[in-house]
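Presented sequentially are two complexes of chain A, the first with chain B as partner and the second with chain C.
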Partner chain A sequence: MAVKRIKINGKTISARVDESILEAAKDADIHIPTLCHLEGVKDVAACRVCLVELETPSGNRLVPACVTQIEDGMSIKTHSPKLNEYRRMIVELLFAEGNHVCAVCVVNGNCELQNLAIEVGMDHSRFEYRFPVREVDLSHNSFGKDQNRCIFCTRCVRVCDEIEGAHVWDVAGRGYKSSIISGLNQPWGTVDACTECGKCVQSCPTGALFKKGSAVSEMEKDQSTLEFLVNARQKHEWTR
Partner chain B sequence: MSKIKVATVWLAGCSGCHMSFLDLDEWLFELSKYVDIVYSPIADLKEFPDNVDATLVEGAIANEENLELAYKIRERSKVVISFGDCAITANVPAMRNMLGKSDSVLKRAYLELGTITPQLPNEPGIVPPLLEQVRPLHEVIDVDLFIPGCPPPAPRIKEVLEALVQGKSPAMEGREMLKFG
Partner chain C sequence: MSKTVVIDPVTRIEGHAKISIFLDDQGEVSDARFHVVEFRGFERFCEGRPMYEMAGITSRICGICPVSHLLASAKTGDKLLGVEIPIAGEKLRRMMNLAQITQSHALSFFHLSSPDFLLGWDSDPATRNVFGLMAADPDLARMGIRLRQFGQTILEILGTKKIHSAWAVPGGVRTPLSNEGKQWIKDRLPESREAINTALKLFKGLLPKLSDEVAVFGKFPSLFMGLVGKNGEWEHYGGHLRFVDSNGKIIADNLSEDDYQDFIGEAVEPWSYLKFPYYKPLGYPDGIYRVGPLARVNICNQMGTEAADKELFEFRCLSGGVATSSFFYHYARLIEILAAIEQIEQLVDDPDVQSPITRAKAEVNQLEGIGVSEAPRGTLFHHYQVDRQGLIQKVNLIVATGNNNLAMNKTVKQIAQYYIHGEEIPEGFLNRVEAGIRCYDPCLSCSTHAAGQMPLQIQLFDSQGTIIDEKIRDSI
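Coming up: the complex of A and B.
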C-alpha cells in the first residue's frame, strides 16, 4: 500500500495516500477537535472546528483537516494559540447564533456542543446573543425537531441520504435564515420518505433532533448502529 | 489578615445559584473567617455598599431595576463575577426574547394566559418596567470572571471563593469548572 510521510506537531508519521489530515492524525493517536465530522459519511467542513495550521513557504495557512488530503512532506500543527482562539470563537459564535439553553435541553450532559465548549475553554460568549425565532416540529410520531438547538452541521442530511438512502433532510435558506427542512419543507410527520429509522436523531450532536418523551438530560445519543452499518458496508460483510 | 468584602446579588434568575452556594454547608463557617458578606438576598441589607472586593451576580438583566443595580455593582466592586448560566447566557429568562419586545411578552403572559381578571401590571415606582430584551450581564457591564452552571455545583463555587480569598485568579478549565447547564 502506498504511503506518504507527513509531520504533525513536529512528529513524523506515515499515512495511507488517500487519507485526510484528520484520518492520518487519528491513526497516529493525535487528537483534532471536530463537530460536523461523523464517521462513515462524507465530510463537508461545515463547522471549521478541525482547522489546522499547514506550514507553507509563504506562511502558515489554516485548512480544515477533515477535507484536506495529505501530501508528502506536509507539516501540520494541530494546536497553537491562534488555532485555540479560532476554535473558541467558532464555538462562541454557535452559542450566540442559536438558542442553546443547556438547562432545559434533553441532551444536557450528553451534548457534543456542550463538550466542545468545555474543550475549547469557553466560559462565556464574547459575541452578542441573537435570540432568533426558530421552529419546533413535533408532527412525527416518534421524534421531534427543535431548530433552536441546531448548529447546521448537516449530519442528519448526510446520514439520511448516504446511509439510509431516504434523503428526507435538506438545508433551506441562506445565512441566518437557514433551516433544516424535511421533505419539500413539510412537517416531518407527513414526509412519506421517512422510514422512522432514527439515524438522524442518533447522529445529531445536539438536542435539535430528539426522541419524543425525553425530558431534560434524559437523552443520550447512541451512534453504535451507525458505526455497525458503516463498518459492515466497508468490510462487505453483507456481500455473498 | 483582614477579611475581604463579598456581595452576592440576585437578578433575573431562580435563586438556584444561591441555593448551590448554601450547599457549601459547614464550609460556610470556614469561609466566614476570611470573608464578610456585605450584601446578599440571604442577608437583610437594603443598599448596595461601597468598596466591595468581589460581587457574585446571579441572574440576567431583564428589567430596569436589574440594569440600575448592575451599574451600581460595577461602580462599587473591584471584581464582578457572573454567577451561573442566567448571568452568562441570559439562559431561561431570555426565552421570552423569542416572543418579541416587552409589550408582546406582557400581553402573552398577563392577557392571553391570564385566567382571572386579566390585566397588565402597572405600578410606576413599585413594579420595575421590563427591558425589551433580556441580556447577559457582560453585555451591559464589564465582567471579570464567569462561573458557568445551572446552577454552578457547590464545589465549583468553593474553588472560586478559595482562590479569591488567597488573592489568586481561579483556573476556569475542564468539565468540573466549565460545564454549562
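Coming up: the complex of A and C.
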C-alpha cells in the first residue's frame, strides 16, 4: 500500500495516499473538530469547522481537513489561536443564524452543535441573533423537522441519497434564505420516496430532525445504526 | 391637593412590581394599585411549536415553580393525546407536586415572610431578611432551609434536576422512583415532620401579637376557588373545581377545567401587565376570588391526613370557619406543608411509584385540551389548541398569581387606608404594604409569564397626577 508522509503539529506521520487530512489525523489519533462530516458519506466541507493551517512557502493557508487530500511533505497545524478563534466564530454564527434554544430542545444534552460550542469555548455569541421565521413540519408519520434548528450541514441530504438511495432531501434557496426541503418542496409526510428508514434523523447533529413525540432532552441520536448500515452494504452483511 | 405614593420595586416577592397609592385632598387613601410591570409573551411564542415540547417550554416560565407549569402542561398534553395515564404516572406526578408545594411554601414562609414577624415590621430593612434571620435564630433558619431542601431534593430525585426538569410529559412521566431515591426520602421524612411542627407551633404562638395584621392584611369577603377531591378533600392535582363564599357556602361545585371559560372571565387594566380574572356569574370586579393555600384550606371538607386534619380543625376554630384575612395565607401554607409531607410519606411506600409503566404513548387525538393543577400559589390553567399534526395554534395560561390579582389590589388598598394618613409615609409603612402582597406569595414571572427579580417602589401622586414623593428600594 502506497503511503505518504506528512507532518501534523510537528509530528511526522504516514498515511495512505488517498486519505484526506482529516482521515490521516484520525488514524494518528489527532483530534480535529468536525460538524458536517459524517462517517460513511461524502464530505462537502459545508461547515468549515475542520479548517486547519497548511504551511506553504507563501505563508499558512486555511484548508478544510475533510476534503483536502494529503500530499507528500505537507505540514499542517490543527490547533492555533487563529484556528480556535475561527472555529468559535463559525459556531457563534451558526447559533446567531438559526433559532437554537437549547433549554427546550429535544436533543438538549445530546447535541453535536452544543458539544462543539463547549469544545470551542463558546459561552455566548458575539453576533446579533437573526431570529428568522422558520417552520416546523410534523406531517410525517414518525418524524418531525424543525427548520429553526437546522445548520445546513446537509448530512440528511447525503445520507438519504448515498446510503438509502431515496433522495428525499435537497437544499433550496441561496445564502441565508437557504432551507432543507423534502421532495419538491412539499410536506415531508407527502413525499412518496421516503422509506421511513430514519437515517436522516439519526444523522442530524442537532434537533432539526427528530422522532415525533420527543419531549425536551429526550431525543438521543444513534449513529451506530448508521455505521452498521454503511458497513453492512460494503461487507454485504444484510439482515434481511 | 390629592397625591400618589409609589412603591417600586416591591421586595421579597418573585418578579417585578410596583404599588401606587392615591391620596385625596385630605391626605386620605382613595385608591391603591398593585402594578405588575413585567412582560414576556409566552402565549405568543409557543404558537407553532410541537405540543410535546410545551411542558419543557412552559416550565421555563418560572424558576420557583417550574413543576406547576410542567404538570399543568403535561395534563393538557394528556387531553390532547386522549389517553388515561398509568396509575404510576399519576402518583409520581402527585409526589412531585407535593415536593414542589413543600419547597415553595418553605421558601415563602422562612426566607421571604418570617423576617417580618420574627424580626419585627419596623426592624432595620438591611437585616430584615433571611440573613438577618440566620443571625438572630440560626437553628430556625437552618430548619427552614433544610425543609426547602427536602422538597427540592425530591424534585431532583424524580426529575434528575431541581429546576426545569422535563420529566413529566404528555401521557405520564419518564421514569419511576429509584430505590436510592425512596430511601433518601424515607430517611429525611422525620426531620421534615419535626420542622413543620415546630414552624406551626411558632406561628400559632405569634398570632395573638399579630391581631392588627390579621385585621388589616386583606381581610374582606371574597370567593375562594381551588381543586377538591371527589369527597371534597384537599386536592392539588386532580379532582374538580369548587367556589366557596366567605360564609363557607359552596356556590359552585363539580366544575370541570374544560369549562373554565364559562365561569372565569379575564379583565384587562391599562396599568398592569397582569390580567384580572373574575368569577363570571358575579361580573367584574364583583367576582373577586382568591386562590392558593388559604383558598384550598377554606374550600375543602378535610385535608385527608391525620395531623393536617387536626391542624385544619384548629385553624378553623381560630379563624371562625372560613378565614377571610389574607394574613392567614401563611398559616394555611404551613398546614399544606404538613399535609404534603404526610402524603409523601404514604406515597413513598406505595409500590406503584416504582412501577416501570409510567407513560402512555399516543398521537394527537384531540385538537383542544385544558389542564389544571394546583400550583403552590393557586390554581393554574393551561389551555392549548393544536392542529392535526400537534402544532400549537393557540395558548392561554391563567396563572395562580393572576387569579389573586383583584384580591392583592384590594389588600394593598386596605393596608394603605389603615396606615397612611397625610403626606408623610410612616417608617415601616413600605414594609407593611409589601408584606400584604407577600401574603399571597405572588410569582410575577409566572403571572405575566415574564422574568426578573422582585423589587418595590412607592410613589405619592397629587390629584393632578404629579408625583410628589417617591421611595425606591432595591431588591434584597
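Following the convention adopted for this analysis, the second predicted complex is superposed on the first by the 234 of 240 C-alpha atoms of A that agree within 3 Å, B and C clash if a C-alpha of one lies under 4 Å from a C-alpha of the other, contacts with A are read in each partner's own complex, and residues count from 1 in each chain.
The rule is simple: a contact is a pair of C-beta atoms (placed from the backbone, for glycine too) under 8 Å apart; a residue touches a chain by one contact, two chains touch by 3 or more.
None of the values given here were measured: they were computed from a predicted structure.
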item: A:G213 touches, of chain B and chain C: first, second, both or neither?; value: second
item: Contacts of A:S75 with chain B and chain C, given as first, second, both or neither; value: neither
item: Touched partner set for A:L138, first chain B, second chain C, both or neither; value: second
item: If touched residues of chain A are counted for chain B and for chain C, the larger one; value: B
item: Contacts of A:H124 with chain B and chain C, given as first, second, both or neither; value: first
item: Chain B versus chain C as contact partner of A:S179, first or second or both or neither; value: neither
item: Partner chain in contact with A:F95 - chain B first, chain C second, else both or neither; value: first
item: Chain B versus chain C as contact partner of A:N9, first or second or both or neither; value: neither
item: Overlap of chain C and chain B interfaces on chain A (superposed complexes); value: 103-104, 217
item: Touch list for chain C against partner chain A, complex; value: 48-50, 52-53, 55-57, 60, 164, 166, 169-170, 174, 361, 363, 389-391
item: Residue ranges of chain A in contact with chain C within the complex; value: 103-104, 106, 135-136, 138-139, 144, 146, 212-218
item: For the chain A and chain B complex, residues of the former touching the latter; value: 95, 99-105, 108-109, 114, 117-118, 121-125, 128-129, 131-134, 148, 217
item: Chain A partner contacts - residues on chain B that touch it in the complex; value: 82, 85, 88-92, 94-95, 97-98, 133, 135-136, 138-139, 143, 146, 148, 150, 172-175, 178-181
